[in-house]
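A, B, C, D and E label the chains in the order they appear, each numbered from 1.
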Amino acid sequence: MDIFPDQDSKTVGLPPGTLVYTGDSTKAGTKITIIDYNPECLDESPIDDISKCKFFKDRNTVTWLNVDGLTDTEKLGFIGEIFGIHPLTMEDILHTDQRPKVEFFDDYIFVVMKMIYRAKKRSDIISEQVSFIIGTNFVISFQENPDEDVFEGIRERIRNNKGRIRKLGSDYLAYALMDAILDNYFIVLEREGDKIEEIEEELISDPMPRTVKRVYNVKRELLYLRKVTWPLRELISMLQKEESKLIRKDTRIYLRDLYDHIIQLLDTIETYREMTTSMLELYISNMSHKMNEIMKVLTIIATIFMPLTFVAGIYGMNFKHMPELEWYFGYPLSLLLMGGVSLGMLIYFRRKKWI
Amino acid sequence: MDIFPDQDSKTVGLPPGTLVYTGDSTKAGTKITIIDYNPECLDESPIDDISKCKFFKDRNTVTWLNVDGLTDTEKLGFIGEIFGIHPLTMEDILHTDQRPKVEFFDDYIFVVMKMIYRAKKRSDIISEQVSFIIGTNFVISFQENPDEDVFEGIRERIRNNKGRIRKLGSDYLAYALMDAILDNYFIVLEREGDKIEEIEEELISDPMPRTVKRVYNVKRELLYLRKVTWPLRELISMLQKEESKLIRKDTRIYLRDLYDHIIQLLDTIETYREMTTSMLELYISNMSHKMNEIMKVLTIIATIFMPLTFVAGIYGMNFKHMPELEWYFGYPLSLLLMGGVSLGMLIYFRRKKWI
Amino acid sequence: MDIFPDQDSKTVGLPPGTLVYTGDSTKAGTKITIIDYNPECLDESPIDDISKCKFFKDRNTVTWLNVDGLTDTEKLGFIGEIFGIHPLTMEDILHTDQRPKVEFFDDYIFVVMKMIYRAKKRSDIISEQVSFIIGTNFVISFQENPDEDVFEGIRERIRNNKGRIRKLGSDYLAYALMDAILDNYFIVLEREGDKIEEIEEELISDPMPRTVKRVYNVKRELLYLRKVTWPLRELISMLQKEESKLIRKDTRIYLRDLYDHIIQLLDTIETYREMTTSMLELYISNMSHKMNEIMKVLTIIATIFMPLTFVAGIYGMNFKHMPELEWYFGYPLSLLLMGGVSLGMLIYFRRKKWI
Amino acid sequence: MDIFPDQDSKTVGLPPGTLVYTGDSTKAGTKITIIDYNPECLDESPIDDISKCKFFKDRNTVTWLNVDGLTDTEKLGFIGEIFGIHPLTMEDILHTDQRPKVEFFDDYIFVVMKMIYRAKKRSDIISEQVSFIIGTNFVISFQENPDEDVFEGIRERIRNNKGRIRKLGSDYLAYALMDAILDNYFIVLEREGDKIEEIEEELISDPMPRTVKRVYNVKRELLYLRKVTWPLRELISMLQKEESKLIRKDTRIYLRDLYDHIIQLLDTIETYREMTTSMLELYISNMSHKMNEIMKVLTIIATIFMPLTFVAGIYGMNFKHMPELEWYFGYPLSLLLMGGVSLGMLIYFRRKKWI
Amino acid sequence: MDIFPDQDSKTVGLPPGTLVYTGDSTKAGTKITIIDYNPECLDESPIDDISKCKFFKDRNTVTWLNVDGLTDTEKLGFIGEIFGIHPLTMEDILHTDQRPKVEFFDDYIFVVMKMIYRAKKRSDIISEQVSFIIGTNFVISFQENPDEDVFEGIRERIRNNKGRIRKLGSDYLAYALMDAILDNYFIVLEREGDKIEEIEEELISDPMPRTVKRVYNVKRELLYLRKVTWPLRELISMLQKEESKLIRKDTRIYLRDLYDHIIQLLDTIETYREMTTSMLELYISNMSHKMNEIMKVLTIIATIFMPLTFVAGIYGMNFKHMPELEWYFGYPLSLLLMGGVSLGMLIYFRRKKWI
């Protein structure tokens, strides 16, 4: 969860347009695969020689070029040249702390999104930048991490010719890819909802400082989710409304659907955020009430036993002349006195509704 | 109250447009009834053979097709075909965690709303998705749960030809149905208002941690109500303003009325929300004041009896040479000393306005 | 103060347009008076036979029909017919929990406002719905409660031909009536300001839980005032801007003045609301500081006397062999020891700046 | 600081347009001075006979009529007539609790602002209404209080022909006057900044309840400043954008400058407001921490001495058969026991990091 | 960090347009350097005789005039004359507490920004006003402090003809300069993120009042950063959208990139701000929980030892007739009694889950 983006300093001072990958450069090299299809035929293969891409680009079929790993900037620069991508766009693809956005160029649409999923072990939210170049008959997708991939379902649908995907163009493919990414947002957010339910139960049955820390963590994650989801709203809205010949009218209906999904995500995030705030208030007022309960116990005990101990102290004094000490019923009388004092105190507390 | 929507994961990975019912599938099958009317005649009957719908669709009368239960996706797909409904619309009807929305198609208007009511037993808020397809001379309503229904009043009005409903078209019917749903929002919200009044009284007479939990629950429900009501504002506003030949000018006046109702609902929800916030503040400041009161009692008691016990302790020491112990008036003098100390303390507290 | 509107359930299930009065139906019947004037002549009389209204409607003079009490729905329906009022408008007039609004019809403008004033006894804010039908040469005003009336000043001005009112048309009359209602908002809000000043003083001199309850009540009333004032902003703005031949250009200048008044009301309400929030913060931090003071007293006392009592306890033990007890200066030495301990403690507290 | 405007009730019930001065009527009468200039000549004199104004109005020079004190409503009415001022404008000039605003008439522009400054003695913020009538070749300024004046600098500039003022028209004069008023806002706000710096230091070195009261006062003043500054934004924006022949294109550049100043004022006010909120949070968390420290001291003392006193109490009992009392090393052993107990406690607290 | 701007009072009362430097006037004099280039040749030299600027201005090359230090108002006035800069613009350049803004004139665009960096020693944020005059073939940059400079990288790129800078016009140069300034914002903000991470860790492991003070300081700095960053959004947006012939279409793409950077800055600032708020809540609820823990320890100790001490006190009384004292097993029985009492208390606390 890169709530603290700090890679940007890598590029401070460089002239704009320089290709530098700002992400985790320990990741393995750049792997490129191509899926080329029309309703009748399908061609899927890894690409080693990038110049081959030109052939697919010029064909009339829909071409999906998937680039996994952004460390090999030379290869990427070459792809950029072949597909006529603006240097600033290439720079944005490599600077992996972009804010999600869409940019319209004459020949292509450039889309940056964040793919999010939970780390297998610690269940942290992990994000990865995914960029799309949407052309008339091709889509190029750039992913940072070759290991994580949410597009397998779409590959299956293309291979098996399921649904409408093979019949429609590159804009529908781009929609399908973005939809697949967004589906994962729902999964991540669902877990957040589960956590909130657990915390709610904990809060009502047995609030602990751990509970507050959990609330804090959920808040932090929601903050992050909002940060990556919020720009999507404008992104999809612009895709839907901008007069671009690259987006067919039919596909706009699907994009409207995507837009509704995002609004729903944001609604839910906002609702969750307000719930966490309410939960903290509940916790603090619970703590405050508990405190009062503890103090009542202490005060009752002290208020009863302090006078008693004092009376006992009086008759423990060693004065020569203390007539009460000589009385035959001195001792039981003193006990009676003490009993009376404590009874009085108890009545007082009962009146105050403390016991 | 599905404040935690989690059904969506059912459809992750499926191609868009696949008909899958995401709601509670244990509910009984799909029941379809038709009411077909014009000012003169009325025809009301259950439908088993869906192909019969085509006959009603082509007639010049107003046809209201009510579909109860969404589990039989095959039947529903058939209805979709007959009435020419877009696959994405059918998908939205079956995905019962939609955000309320309106979509304008060439031949029909698609409206999704939430019907809300309180569970009979636990008085929780329950919501159910209701979708409308509004055509030139027909309205199709899709409900999830066949057991709950708020449309009976409208059926009565159609049967008995009460009001204007039989004289007007399908758009007025749609308005009447939406109005019936919205009426229930007021009923649900009213109960919320009652709760707030009860809690206010509890807060002033006898605040307890239970009170805070109740405030929390009301807040949660208000959050939910806002979530389902807020999108209605735009929904009705679009219905009213969009240039669609399916909505007559007369009906727009009625929609304006509906719009006013929604604004009023939102106003009230917002007011209630602010009140719950104020109530928590009141509770916490009350607790804080109570705490001070408890601490004052403890401090007064301790401050009076600790010095006294100390004095008694002094004269309880067993030193050989303690002249005071031999004095004839030693005992009464020591009592006087103690009385003086406690009197001094009492004066001190009185000055501090603690007693 | 109907912060909890609950009359609406009366109309649930009824067809829209049914005339049902949703207010307090125990109020006396409907009383109608007419004031008909032009710069030269004036005619003021109660109306029993409603059909007489038609005569005034067709005359060229300005006619002000004031309807007090809405229980007699039959009479009201008749008025509606004579003046050509839409059934939904009539319904809105009778449903007295309307949100303030304006609606433009071809022949008239429909305005709903809340008249507010303080109850004579308990100084609660009471509100009453006032509706206006503004036609070319007539204004009809509908009030719920015949006993309360803020229009007497205007009647006087009409009778005595004071100011411009007799010279101008029905739109100016409507403006004057709305202005009279709004003047009362200032009076109600002024009292709120006085309360805040009182509470501020109380907070600084002697904060009590009562103070917080008062803050809570002021907050609640401000919430209510905002709720009824806020819609007026749009209402007047629409009256001013809408292209309606019923509002002359001259009158628009007066409406702009009204608009400024409303903005000022809202400004003041918002300022007051923020002040109440600050006041609660002040109270809580005061309480918190007081608590610390109390705890300091307790801690100082306990920290001084516990060790002393312990020392006294030591020399109160009955061991056979305790050499100190035999010393001649044992007693004064023990007293010195105790004095030393308490002096040390006092120095410690002085250093911590507790005393 | 009229955060509680209550003069308005004076005018309730009066017909709109009646000239009543709602300010402090104990102030001295109305004093009028005129400065009439063009680049070549200058004429400055007090005015007794108002009809003389007509002469200046018709001349081609720039005329600045400054009216000090608004108690003499007759004189003011006369000025209004000569310069053709709308009755509602005259009313607004006299009702000194106006919200700052601008109104465009055919022949003049009407501007209402608040002049603010600090009272000499108590350093409270005092405000005074200043109205401007900006005509083609004249500016009339109305001030409430003859004693306070921020226009002296401008008079000097006119007299000495410094800067551009003598060369430009009445719109530039109006700009210069408004700029002079606004300069004082910065001075007032600067003092607020100084206070915040002082409070910050106090908060960090030695927080007291007095500190919170100071924060409260600053908050209150900032609230007030925002209330008077906020409307200026729209005011200047309208002056700048409205198509009025009274404002030359050149002057609009100066107005843009004024606009920037106001935005900066609002920015700073908002920043200060957020700082005061943070300061309260800091105070409360400080208090809360201090409380914990106090309670730790108390708990440590009590936890150490209570068991010790108890042990001493045991051996102070007077049972006949208590073998320990007879032991030769009973006393030192009991002291050792006590030492052990208190050592254990100290270790326990050290582990808990309390000491 | 000039969160308290107070230099403005220097100019109160002066006629607008007077050249007065409001910054720190102890800084050294004004140093001017020129870089003049086209794709082929480059000319870099310090300027002593300002009249030489005219020569560069009229040449067809791109001229970058960098002015370091604003104390020499005479020189600056001269530059203003040569380049035809409006007096109000000159005034804004010298008043170094401007809000960032852009102003379009016929011959040039005027941009004011804040350059921010951290002080070397105390790591405070320091800001300096930088103004740009962007003409057709020249850019003039005005900096306050000659010692700090973020433009060295750009000079290098020009000298070494790296990137596109030498090939493009003055608008691209202006973009590059603004980009260089903005890069520093990211560096400053990154440090803020680091601090938040450190504080988070401190909060979870060992919260101290120091932690809260650090949160307060971070909040303060974020407030400041928002204050200087927020206006940049509109600034760049206007540069990008305004129809000015001075900004070529190509450069607008670069400005869009700048705009994205600013949005990202603002996003991050907002996220950080919300995190600091959550952190304070976490701290306060932690403190509140700790308090409860401390009070539990105290209450347990007091509740156990007070009754025991009382029992011991009873048998320490000196009554003549106390039968228990004579019993042979009186002492062990009394010990048993005490043991029973404390055991009961422990069970009670265990049930309450306090231990």
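By definition in this document, a residue touches a chain if its C-beta (ideal position, glycine included) is under 8 Å from a C-beta of that chain, and two chains touch if they have at least 3 such contacts.
For clarity, every value in this text was computed on a predicted model and none was experimentally measured.
Undergrad: Which angle of rotation, from 0 to 180°, maps the CA atoms of chain C onto the equivalent atoms of chain D, to the nearest 5?
TA: Going from chain C to chain D via C-alpha fit gives 70 degrees.
Undergrad: With chain centres taken as the means of their Cα atoms, state the distance from chain A to chain E in Å.
TA: 26
Undergrad: Can you check how far apart chain A and chain D are, centre to centre, with Cα atoms defining each centre and the answer in Å?
TA: 41
Undergrad: Mark out which residues of chain C touch at least two other chains, giving numbers and ranges.
TA: Where chain C meets two or more other chains at a single residue, that happens at 284, 288, 291, 295, 298, 302, 306, 309, 313, 316-318, 322.
Undergrad: Could you list all chains around the ring, opening with chain A and heading toward chain E first?
TA: Cycle of chains, anchored at chain A and oriented toward chain E: A, E, D, C, B.
Undergrad: Show which residues of chain D lie in contact with chain C when the two form their complex.
TA: Going by the criterion above, the answer is residues 3-6, 8-9, 11-18, 86, 88, 92, 97-99, 101, 103, 208-209, 212-213, 216, 219-220, 223-224, 227, 230-231, 280, 283-284, 287-288, 290-291, 294-295, 297-298, 301-302, 305-306, 308-309, 312-313, 315-318, 322, 324-331, 334-335.
Undergrad: Write out the stretch or stretches of chain C touching chain D in their complex.
TA: Chain C reaches chain D through residues 153, 157, 162-165, 176, 179-180, 183-184, 186-187, 190, 193-194, 196-197, 204, 253-254, 256-257, 260, 263-264, 267-268, 271, 274-275, 278-279, 281-282, 284-286, 288-289, 291-292, 295-296, 298-299, 302-303, 306-307, 309-310, 313-314, 316-322, 354.
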